[in-house]
Amino acid sequence: MIRVGIIGATGYAGEELVRLLSSHPEVKITHIMSKSFCGKKISELYGSYLALDEMLLEDIDYEIIQQDCDVVFTCLPHEPSIEIVPKLLACGVKVIDLSGSFRYKDAAVFEAWYGIHHTHPELLKKAVYGLCELYEEEIAGADLIGNPGCYTTASILALYPLLACNLIQKDSIIIDAKSGVTGAGRSEKLPFSFCESHESFKAYGVTTHRHTSEIEEQLSFAAGSPVALSFTPHLLPVKRGILATIYADLPKGLEISPIEIQGAYEKFYMGSDFIQILPHGSLPELKFVVGSNNCFIGYKIDERLHKLVIVSCIDNLIKGAAGQAVQNMNLMFGLDGSTGLPQLAMYL
Amino acid sequence: MIRVGIIGATGYAGEELVRLLSSHPEVKITHIMSKSFCGKKISELYGSYLALDEMLLEDIDYEIIQQDCDVVFTCLPHEPSIEIVPKLLACGVKVIDLSGSFRYKDAAVFEAWYGIHHTHPELLKKAVYGLCELYEEEIAGADLIGNPGCYTTASILALYPLLACNLIQKDSIIIDAKSGVTGAGRSEKLPFSFCESHESFKAYGVTTHRHTSEIEEQLSFAAGSPVALSFTPHLLPVKRGILATIYADLPKGLEISPIEIQGAYEKFYMGSDFIQILPHGSLPELKFVVGSNNCFIGYKIDERLHKLVIVSCIDNLIKGAAGQAVQNMNLMFGLDGSTGLPQLAMYL
Amino acid sequence: MIRVGIIGATGYAGEELVRLLSSHPEVKITHIMSKSFCGKKISELYGSYLALDEMLLEDIDYEIIQQDCDVVFTCLPHEPSIEIVPKLLACGVKVIDLSGSFRYKDAAVFEAWYGIHHTHPELLKKAVYGLCELYEEEIAGADLIGNPGCYTTASILALYPLLACNLIQKDSIIIDAKSGVTGAGRSEKLPFSFCESHESFKAYGVTTHRHTSEIEEQLSFAAGSPVALSFTPHLLPVKRGILATIYADLPKGLEISPIEIQGAYEKFYMGSDFIQILPHGSLPELKFVVGSNNCFIGYKIDERLHKLVIVSCIDNLIKGAAGQAVQNMNLMFGLDGSTGLPQLAMYL
Amino acid sequence: MIRVGIIGATGYAGEELVRLLSSHPEVKITHIMSKSFCGKKISELYGSYLALDEMLLEDIDYEIIQQDCDVVFTCLPHEPSIEIVPKLLACGVKVIDLSGSFRYKDAAVFEAWYGIHHTHPELLKKAVYGLCELYEEEIAGADLIGNPGCYTTASILALYPLLACNLIQKDSIIIDAKSGVTGAGRSEKLPFSFCESHESFKAYGVTTHRHTSEIEEQLSFAAGSPVALSFTPHLLPVKRGILATIYADLPKGLEISPIEIQGAYEKFYMGSDFIQILPHGSLPELKFVVGSNNCFIGYKIDERLHKLVIVSCIDNLIKGAAGQAVQNMNLMFGLDGSTGLPQLAMYL
C-alpha cells in the first residue's frame, strides 16, 4: 500500500483527493493536514464523511510525514507551496503539488504572471509537469510533480497534438473556456455566493488569467517555438466541469481533412485510458465527463472560413486537479495510470 | 409624488425596494442610505443600475430626512432598527420597518424568540402589523409599520381565514416551508455559496425559527385563543420564492367541503389585488408568483385522513418583503394598494 | 463473476445500474436490453459511455438470458414487469424488479393505488421486499426481489424502528418529501423541461401518490397494526436526491429522550454499511448523500409541542433505486452488501 | 390605445409579449391566438395568469383582426410566418414578425441557411429589420418588421459601430455565444429537459447556426463589404439571457485606444434608452440585464495580442425577442421607444 499524506485537505481539491483516495485499492491515507482546521474532523466541514470512520485533520509535522508517508499531495496557495515543498522533499517523500508553483520551466514567466518571487527556482528543473498523457515517462521517474491547472489541462490536451503536427496556425489560437464554480475553491467571497452566481454568467480575468502563461509554455514546446494565444475564462453556474471552445486557423493554402486531425490525436493518445477523441463533427458536453477522470475532445472543420473549432471537456476537480494528481501518483509508483480512478462520468 | 428614503438600501430587500420604487409612478426616491457603503454608487454593488442615472449611497442624516422624505423604509438588522426607528418618527416621517422589531404586540414574545432586549416597547402599540390584506384600515392610518416576515406572510395568509372560520383544528398545524437563497440576504457565509447550496437541499432552524412566534401571534388573533404550531424552514436551491406546504386536521366529526374553505378565503380576500385562491385540488407552483407581489393559495382535502393540505406561494423578496412594504406605503398614502407593483409573475 | 442482464437499460434507473455494475468487481454485464432502442449503442443515448468499450442494446431473448445470466434486473413500467418477470423466473434466473409490481404483500392494495390488475398475485408471496436493512435474511434466500421505491426507502428507513419501538404515535405521521427531477425518469414531458422546473418548486400527487400505500404497508408490519399517514411529494430543482421531512407526535404523556430514539435506530441498523444516524439535533443535507448508497437520518425532539421532526436523505437513483438493487444482488449472491457500491457522497 | 393581436401567444416569446404588453400603458390586447391551444385559457398553460382576468386563446380570424387590431405580432415558425404575414398586411394592420422570415434583404441567403423556399420575397424589400438602435427612422415608417434574432441582437449591437468605424479587422471576428434554455422555446425535446441540461453545458450548431447569416448580412452593411465570421452558440443552464464573447483583431499597425472604441459606440448609441457601454475593462454579467430590455456591452483591449475582446449581454426573451418587438411597436406608433419596457434588470 502507498502511504499518502494530504496537506490542505479541506479545500475543494483537497477534499476531492481524500474522496478519491479513500476508495483507491493501493492507498492508505495516513495523514490529512490543514493549518486552519487542525484538530477538527473532516466531517465537520464535509458532512458526507460521517459515513466513513472518523478522520482527524492534523497540523503539518515533518518527522511524522517522514515516518508515515511515501508521497504527499500539497493543495495550498502558491506561496506556501514554494516554502513547504522543499521541506517535504528533504524528508525523502515524493511530492505532488497542486499549486502553480512547480508547473513552469521558466521561473521568470511564473513570476511575471503570478506576481510572486520564486524562492526555489532550482526545483523547477527537477519538477516534472504532470500532464500524464504527455509526460508519462518523466512522471514515472519524478520526485516532484507540478500538477497542471484545470483550464490548462483541457486546453493543452486539445491543442498539443495539433501544434506538434502543424495542423493549425500557432498565432491564431483563441480559447474561450467556461468553468464550474468549484474552480474558485472553497470560497466565502460574495461573487461565488448562490444568489450572485445562479442564473448568471460572466467572463473574468480577461487577457490576464494566469493559466494563459502555463498553456503558452507547454504549447511552445509542442510547436518548437513561442506561442502566444488569447484565453478567456468564464464562470458557469454549475458546480463541476470545464468546457473549452477553441478556435484556430488551418494552415494557409492547405486542405486539412478530419483524418489528419484524428491521426494527430491518435499519435499522442492511442491507448490512453482517459482521452476520448470524438468523430468529426460530434462534440462533447459537460455531462459526458463530470464525475470521471476523462477528457473528451471533439472538433469541427469550418471549411467556409478555413478554421478549426475544437471542444474539450473535463471535470475540473478530477482530471483538472485531484484525479490527475492521483494518476500522477499511480505512474510514480508503477501502477496502471487508471488505478482507483472513475472512468465513467455521472451523466445524471 | 411621495418622497421616499431607504435605509439599508444595499441588502437584498433594500435593493428590491429601490428596484420597485424606481419605476413607481407616484414615488420620487430622494435618498438611499447605507452605513457600510456610503459614498459608493449603488451600481458598484449591483451592476444592473448602470442602466439608470447614478444613485449615490449616503450616510443617515436626520435633518436631511426630515426635509426630503415623507416616508422612510428601514431594511436593517433587528437591533439597529429599534434604535433608528424612533428617531425617524421624531422627524415626522412615516416609517415602514422590514426587521422583526415592530411586528409583535407582545414584547416578551419578541424578546424570547430573538434574544434581544426591546428598548422601545411603547412603539409596539403604535406600530401596525403590515399584512395588507388583514389590516388595511389600520395601515391606512399608521405612522409605523412592522412589515411582516417572508415565511410568515405565506403562512398567515393561508391559515388566518381557516382559523377565523373554525375550519381546522388549531393544535394540529404543521408548516413545512421552503425558501430560495435570497431569504438569507446578501451573505458571504459559506453555506450560502453556490457550491454548498446548488444541487443540495436542507432543513434549518428546526423547532427554533423566529418566524414561528410571529405566525403564532397572528394566528392566535385569528383563532381568538393561543395557537402553537410546528414550523420547519428549508433552503431551496432557487434565488427567489417561498412555498409553504401546510397540514392541518379538519374539525373532529365535521364534514368540511371545498365550498366552505373557498368561502372562508373569499370572506377575507374578496376583491384583493394580490391574493389568488385556486380551485380545490389545484396547487400553485413557485413560478406562478415569482417576480410578482402575488400570493397564490391552493388546497386539497384528504378525506381518507380527514386532513387539509394547503400550498401557499409568494416571492419572498416582493410579497415577502419589499413589495409588501410598497403596498403598505400605497395604503398609507391613500393610493390604490397595487400601484407600481407587478401583478403578473415572470413564469420564465 | 455474477453474470448480469439489465432489461430497460436506457431509462434513468437502468443507466444507473449499468454505471454502477460496470465497475462492480464481482459482476460481468452480459446483456443490456431495451425494446425502444435495441440495435443502438448505449453511448448514442448517454455520451459518457464513449469512454468504455461499446455496449449494444439488444431485444429480450429468453433463451439467451437463460444461457448467459445469473440475475436479471428489470427496469420497466409496472404492467410489462408483471408479464416479463414470471418468464424470467421460468428461465431459472434470479430477478430484481425495480417497478412497483412486486413490492406488496396485498395485491388488492397494489391494484387500488396503481389502478392495474395484477395478473400474477401468486408471485407476491414468493417475492421479497428488497429493503436490505430490514429483510437481509429473506433477501439472501430470494429468487425475486421487489426493489423498493425511492420515497419509500427514505421514509420507511426513518420510521420503521420508531414504530416498532412505540416511540411515536402511529396515527400522527406526516411525510413531506422532496425529490430531484431524475425521479420522474427519462421524460420528454414539458413539466420536466429545464425552463419549467428550474427556479421553481411544486407539490404534486397530493393525497394520491402511490408510494403512500407502499410506506403504509411496511409501517403496518412495524407497528403490528394498520398505519395510515399523510404523504406529500414535491419536485426539487436538483437532478438527484430525496429529502423527507417527517413529523410525528410522541406518545401521549411519555417523556421521550434522544437516547431512546438513538437506541431504536441502533437496534435495527447497528453495523449497517449505509445507514447513518446523526446525533440529536444534527440534520443531514442532500449533499451528504448524493452519489452514494447511503441513507442519513437526523432528528430533533420538539419539547414545546411534544413532537418529533425527522429528516431522512438518500440519492434517489442509488439507495432509492439502482444502488439498492445492487445491494440486493450482493446479498442474494453471498457477497458483502456493500460490494461495488459508493460509500462516500460527492459533496461537491 | 394601440389595439394589439398576438399570434402564437403560447410559445415562450409569445407569452413574454403577452406579459410585457399586459402592463403597457398605451396598449390594449384585443386577441391572443394559437392554433394548437385555441379555446383554452392562457392560464391553463401559464399558471401565473390566474392573477389576471381570464384571457382566451382564439383561432386566427382575419376579419376580426381587421376590425380589432392596429398591429399584430406573429410568433410562429418560419414557414407559417411567410404565409400568414401577407394576409395580415392585406387586412391593413401593421405586422411585427418574430420569425427569421423577414429579417433578410437577400432571399437567397435566407433560403440557403434556412433550407426553406421564400414564397414572398417581394416583402423583403418592404420589411424593415427591427434592430431599433440602428434603424429607428425606417422602423417609424414601416408596416412590416422583421424582428431580429436573439444571438444576432447581442452580436450586431456589439460589432456594428466598430466595423462602421474601421476599428477592427472584418475577417477576424469570432463570436462565442451562450444562451439560456428559453432560447429553444417551449420544447418537449429531451435535450432541453431539466436532467439533460442542468449542471451541463454544450456547444451546438457549430459552423451551421442560422443566425450566422443574419449577423453577417447586417455587419456587411456596417463594413460596406461582405463580412464572414465564426459564430458558435452554446446552451447555458440558465433560463434567460445571452452573453456573447467576441474576439476581433485590431487593425494592423494601428494603435487603438479605449477612447476610440468608446467614441464609436457613442456615435451610434448616444441617447439610447437601452444600450449601455461600460468603461474599458469593465465587463457585464448576465444578471446585469436579465429581466430588462437592456443590452450591456463591455470591452478590453489585449495589447499583447493586438486584439479586442468584447462582451455583450441581453435578456434573450426581452431585448432578444419580445421586448425589442414592443420597442419596434413603440417606434411605429410614435411613442417613446422605452414606453412600457423594463429598464432595470432583476439582478436577483
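Going in written order, the chains are labelled A, B, C and D, and every chain counts its residues from 1.
We take it that a contact is a pair of C-beta atoms (placed from the backbone, for glycine too) under 8 Å apart; a residue touches a chain by one contact, two chains touch by 3 or more.
Chain by chain, the UniProt names read as follows: A, B, C, D = N-acetyl-gamma-glutamyl-phosphate reductase.
No experiment lies behind these values; they were computed from the predicted model shown.
Across A-C and B-C, it is B-C that has more C-beta pairs touching.
Comparing mean CA positions across the assembly, the chain most remote from subunit A is B. Centroids built from CA atoms put subunit B at 46 Å from subunit A. Mean C-alpha positions place subunit A and subunit C at a centre distance of 36 Å.
A straight line joining the Cα centres of subunit B and subunit C is 39 Å long. Residues of subunit B found to touch two or more other chains are 12, 182, 195-196, 198-199, 237-240, 284-285, 287, 348. Residues of subunit D that touch subunit C in their complex: 12, 181-182, 186-190, 192-199, 237-239.
On the side of subunit B, the complex with subunit C involves touching residues 174, 176, 178, 195-196, 198-204, 206-207, 228-230, 232, 234, 236-241, 243, 245, 247, 283-287, 290, 300, 302, 304-305, 307, 309, 311, 348. Residues 12, 15-16, 19, 22-23, 46-52, 182, 199, 239-240, 274, 276, 278, 284-285, 287-289, 291-292, 294, 296, 317, 342-348 of subunit D touch subunit B in their complex.
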